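Both complexes shown next keep chain A, but they swap its partner, so chain B is in the first and chain C is in the second.
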Partner chain A sequence: MRMIWNEMKKILTWRMLTFLLLVNAVLYFLLISFDIEYFPNGRPALDGYRLGIEMIEEYGVQMDEEEMLDFRRQFESRKEEANEYLQAHPEFAEAGIDDYEELVTSVWDNEERQNLHSQIMHEQQIDLFWELQERSRLIDFHDTKEMIGFEPNTLQQTRFDELLNEGKYQAYPEVVIQNFKEFIVNVGITILFSVVLLISPFILKDRTRRLLDLQYTSKIGRSLYKTKLIAGILSAGLVITVLLAFYFSLYAQNGTSPYFGLGVNAFIANLTWYDPTFLQYIWLCILAIYVIGLIFTMLAMSVSSVVPNFVTLIGIQIPLIFVMLLMGFNILLSHIISVQSPQWLVPGLYGLLGIVSVGLLIYLMRRENFRDISE
Partner chain B sequence: MLVVKEVSKQYGDFTALRDIQLEFETGLYGLLAPNGAGKTTLIKMLATLLYPTKGEVLYNGNNIIDMDSCYRELLGYLPQHFGYYKNYSPKQYLLYLSALKGISKKEALPKIIELLDKVALGDVMNKKMKKFSGGMVQRVGIAQALLNDPKILILDEPTAGLDPKERARFRNLLTDLARSRLVIVSTHIVSDIESIANEIIMIKNQQILYKDSVETICGTLDGAVFETSMEFEQLESFRQNYVLLSEKQEYGKMIVRFIHKETPLVDWLPVQPQLEDVFLYEYRDETNGTGQ
Partner chain C sequence: MYECRKVIQSPIFLGLFLLFSVYNIYLIVSSSDHKEELKIVNELIDTYGRDISDTSLAQLDQDIQKEMTQLKRSAGLEFQSVHELLENMSLEEQEAYSQEQWNQIQQLAVKEMYFNTARSIDESYAEIDIQATGEGEVRMYGLSGSAAFYLLQEYEKLDKRFEELVKNGEQKQWFFAGKAYFMHSFLFQTVFRHIIIESLLLIVLATALITAYEFEQKTQLLIFSTKRGRKLMKDKFSASIAIALFTMIFLLGITLGTFFIVFDYSHVWSTSISSAFNWEYNFPYIAWWDISVGTFLWLAAGIVLAGGLLISCLTFALATVVKNSYIAFAGISLFFVAVLLLPSFMSKSSILFFITGYNLSQLLLGISNSFMGGGLTGSRNYEWLTVSCWTLIAAGICFVAYRRFTKTDIG
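The block that comes next holds the complex of A and B.
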């Protein structure tokens, strides 16, 4: 333990931690802060968020047909309130708007009506009309619940039908899960940069500073390499944990806990191969971040074990990180159980990355035992 | 104690050492050869950093590679170039290395203080090493090699960066240490070991040239080392006919020390051969710049 801790102290130096703090501050303001500060992002996102909570409180985490009928009744009743509002304001009658239906259907071909609509929605921001718009959208979506928004293949269609047969159709506003997906990808990017920057120089430094001669002729010998790998993984795990704790404490401000019990398939436009709750999906994403972080930690240590200098160390890792940013995070994190990817793809990719990174380390550990330390 | 048994080391097509056969007992051995002769390769094989291409190194009859940590815990090693953490103090650095050597912190602390005092770094044991001179860093290196009270102490060019006073102190330290353990000092500086080594090992053409006492090795040039004086103008033709060991100017004349194995001239003064004479004679191609 003392040796692991000694190696960890070489990784988690004050200088490195300060550097990570700076990197995280920059990436937080560039990537993450928007999903925290602007949630829900304007309207109708705010109304979707509120309505979703109301629906969960009233109908629970799944809506059956009877509850959907009640939802429609409430829509009608709220429409009556809107009609009363419109009739109480003579300027609407003067413009030929007698009820809510007329407001939303005949507004676009008349400038006066457009101005009145804009006044209600954007200037006065009357909640009732925003809520009605969102309720209407959800009802429309429910009416077309047997249609998929994309051209499905057989497996996707089977999964869709399976959920439909179980009565698990998409009924709740998607604002919360969309926000979480954007948030978690940005957190993933920030954590990936943090661990790669933290771990990359670690093994190379000892090599280029000619420390191996003394380390490998001591009692512990070449098994110190294994100790270094363990220290690297533990340090990366520690940094990932601290960063996740920090970013999720910020995410807590978004107030999405009422949605935690909702199945992810209950959100609109979120068809998935499996049916965890939103909270379970969050845990799954956290686990995925640990796995991605540790895979890249192992890759960084492998590269650090063989390259001759820092320039090569960075040069080799740039394409890997670029591919991750370009598509890796979408597939491996935000769409981790989405039907948009074949069901085997995500576990297959995790398996492949895991085998490659662990395999490389095992190979390098064996190589370290038998190589000449001549540099 | 330590036996190098028919050891060869090759790097691809290049042979660094060929069929080396050596035996070491308690005492001080000086490994003397010019740079590039294979001293560091041999030292690194004794320290388990390099694996022999052929042959084996045995400690009390056991292969040192198979002995693994049991061998390394007997070993103290100072490499020719060694790394350190610039932001560590000598005390922190030695604590780090003592953990690698399997010495508990409680046991290591008094030992570290004692060793740093011994190498005259007691006053700066808590100062960061980034401010240290080359000589100070080298002394930290010497201290670390002694941390585990090794039975086998291997030092590769240990006096690099040390001033004459430090060298003298270091020689005394080595003499003390060699009373109860095997000490192998690799160097190309003859004066570092001439007066203290029990035996000198010289490597030439990838093989052992000599492994003997200073007296015996010097005896190989008995009656062949002379000094004479001449005018400066005669020096060039003299150089071409004899192997010159040294030249110096005195009272307007050139005094030269040289080797001649045939009948000497009358005015040549025979002198007692020194280890440096043997070194310069045996490695005359290398020292003349034709070798490395």
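The block that comes next holds the complex of A and C.
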């Protein structure tokens, strides 16, 4: 136990921690800050966000037909308000706009009407009209709820029908889940870089300093390699935990907790193989980040055990990270349970990566027992 | 020269180089669906000349009409334009045509598209209001004070340049239709950014390897006590520069070679880069000078080389100080991203907002917009000022690092 702690102290040096802090500061501003500072990002995202909360408060996490009727009734009454607003302002009547319907349908062929439209939407930013626009979008979406929105294969179609039969159709604005998906991928990337930078050098460093000659001839001997691996995994776990805690405390500013109870399939355009609630989905993504982080920790340690120098250490990991950035995060994190990829693919990939990285480490551990360290 | 061998003989360097080259080739080949359609521009230039004039347009119109009457007769249909024909055509009707006929219709449709764009150049250029765009930018970024003043001034200059451009007729030259194919963005943004990032990774790795080699191999006590002694760092510097240069030349050569084999640019080399067809988003590309596509390519390659060499110098300086290639690599990467973000931390009312944009990261990643007006880094002097400032900075840092190294403790 004491040896593990000592090895961990060698990994988590002050110098390394300061460096990680810098890396995270830069990556935070490059990737993450946008999803937190600009949420909801302008309009109609803001109205989608507000309306979603209102819907959850009034109708709960699932909308049946009766509640949908009520939603329509509300739309009509809000429309009345809009009509009153338009009639109270004579410039609209002059431009030939008598009610809300005309405002949204007949506006594009006439410059004067266009100006009036942009005045209430963009310059004055009247909430009522933005809300109406969002409501009408949701209603349109509900009217076409039997259509899947993309070319499905049979399995996707089956899943879609299954959800529809359970009455779980997509009804709630998707701003929150979209924002979360972007946020979590960026957090994933940041944590991946942090972990790889932290873990990569330490086994190699002992070797190039010829420390092994001393260590392996001591009483503890070669089993120290195992201790180092455990220390590496623990340190990575610790760093992942701290970073996740930090980034999620920032995420709390987004105020998405009203949505936590909503099933992820209730969001528009978010068809998934399983139907966890939003909160469960968040936990699942956190788990996924731990797994990705630890897989790359193990890979980094494996590479670190075999390469001759730092440049090779970095060079080998560049393609791995590239693949992860180009496709990996998209499949493994942002579409973790989405119907975009076949149901078996994501668990299969996690399994494969896990087996490869653990297998490599076991092989290296065995090899370490017999290896000639004088080379 | 022995220093260079340290890199050339390391399998990881060659491996990465090959991997990057293969990836670039794949990237280009996999997005070349429209390469046949592009050839129509070559045909247009051959038949009607590079410059679009009223007479050549009339000629083109006549030819299109002629082909269209032929088509009408053979298809027995009545239509105003090929576009209209295609729009109303059902899938079954489509299958009724032979492959040859179908190709002909497609070609005619593309020609018609070029003709329509060419005809409306004057009209669409008259609608461009550079000053208003500038004011829009100021609003979009929320600028005020001296920053807003500076940007508006830049747009005023650009406005003059725009008038001159229109007077010269630089916009009236054939080029691949930007809104349909986005060739400028594909070449100078997608492909060039790949080249830049890949070659920077290779350069930084190679430089760090060479510079910190003796310390990592524990040979520093031996090497630096020889007759040549610490002057060896000078050789290491030259070796790094040479490797950086060769890496970039080869990577540029392989990637761009593939690009121009796949896409036939042979006829458009001397078309102006500010051609009205090179209009991809809501603003055409307006270069500060009358430069052709070919010249622009050379200039862009020049920027890549300059940027790569400067990054190599900076890596050399850092690696001399920290004596460790891992820290040097991580430090330079961090630096590259940090200066990229630097302007966003500056006050939006101060001129610093622009001055901090004069850095290598912005220059290299924004390469498709270099020498162009508009935007935050659209100043006329941006490119050469950035390169020369950073040459001074890099030279200074290298000099200090070397001087320090000659006296430092290497034990």
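Convention: the second predicted complex is superposed on the first by the 375 of 375 C-alpha atoms of A that agree within 3 Å, B and C clash if a C-alpha of one lies under 4 Å from a C-alpha of the other, contacts with A are read in each partner's own complex, and residues count from 1 in each chain.
The working rule: a residue touches a chain if its C-beta (ideal position, glycine included) is under 8 Å from a C-beta of that chain, and two chains touch if they have at least 3 such contacts.
The structure presented is a predicted model; accordingly, all values stated were derived computationally and were not measured.
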{"item": "First (chain B), second (chain C), both or neither touched by A:23", "value": "second"}
{"item": "Chain B versus chain C as contact partner of A:221, first or second or both or neither", "value": "first"}
{"item": "Partner chain(s) touched by A:312 [first = chain B, second = chain C, both, neither]", "value": "second"}
{"item": "First, second, both or neither for A:213, with chain B first and chain C second", "value": "first"}
{"item": "Set intersection of chain A contacts, chain C complex versus chain B complex", "value": "none"}
{"item": "Chain A - residues contacting chain C, complex", "value": "19, 22-23, 26-27, 29-30, 197, 200-201, 208, 309-316, 318-319"}
{"item": "Residue ranges of chain B in contact with chain A within the complex", "value": "11, 44, 47-51, 68-69, 72-73, 75, 77, 79, 81-85, 87, 96-97, 99-102, 105, 144, 148"}
{"item": "Complex interface listing, chain C residues touching chain A", "value": "10, 12-13, 15-16, 19, 201, 205, 208-209, 212, 216-218, 324-326, 329-330, 334, 337-338, 340-341, 344-345"}
{"item": "Residues of chain A that touch chain B when the two form their complex", "value": "2-3, 6, 10, 13, 206, 209-221, 224, 370, 372-374"}
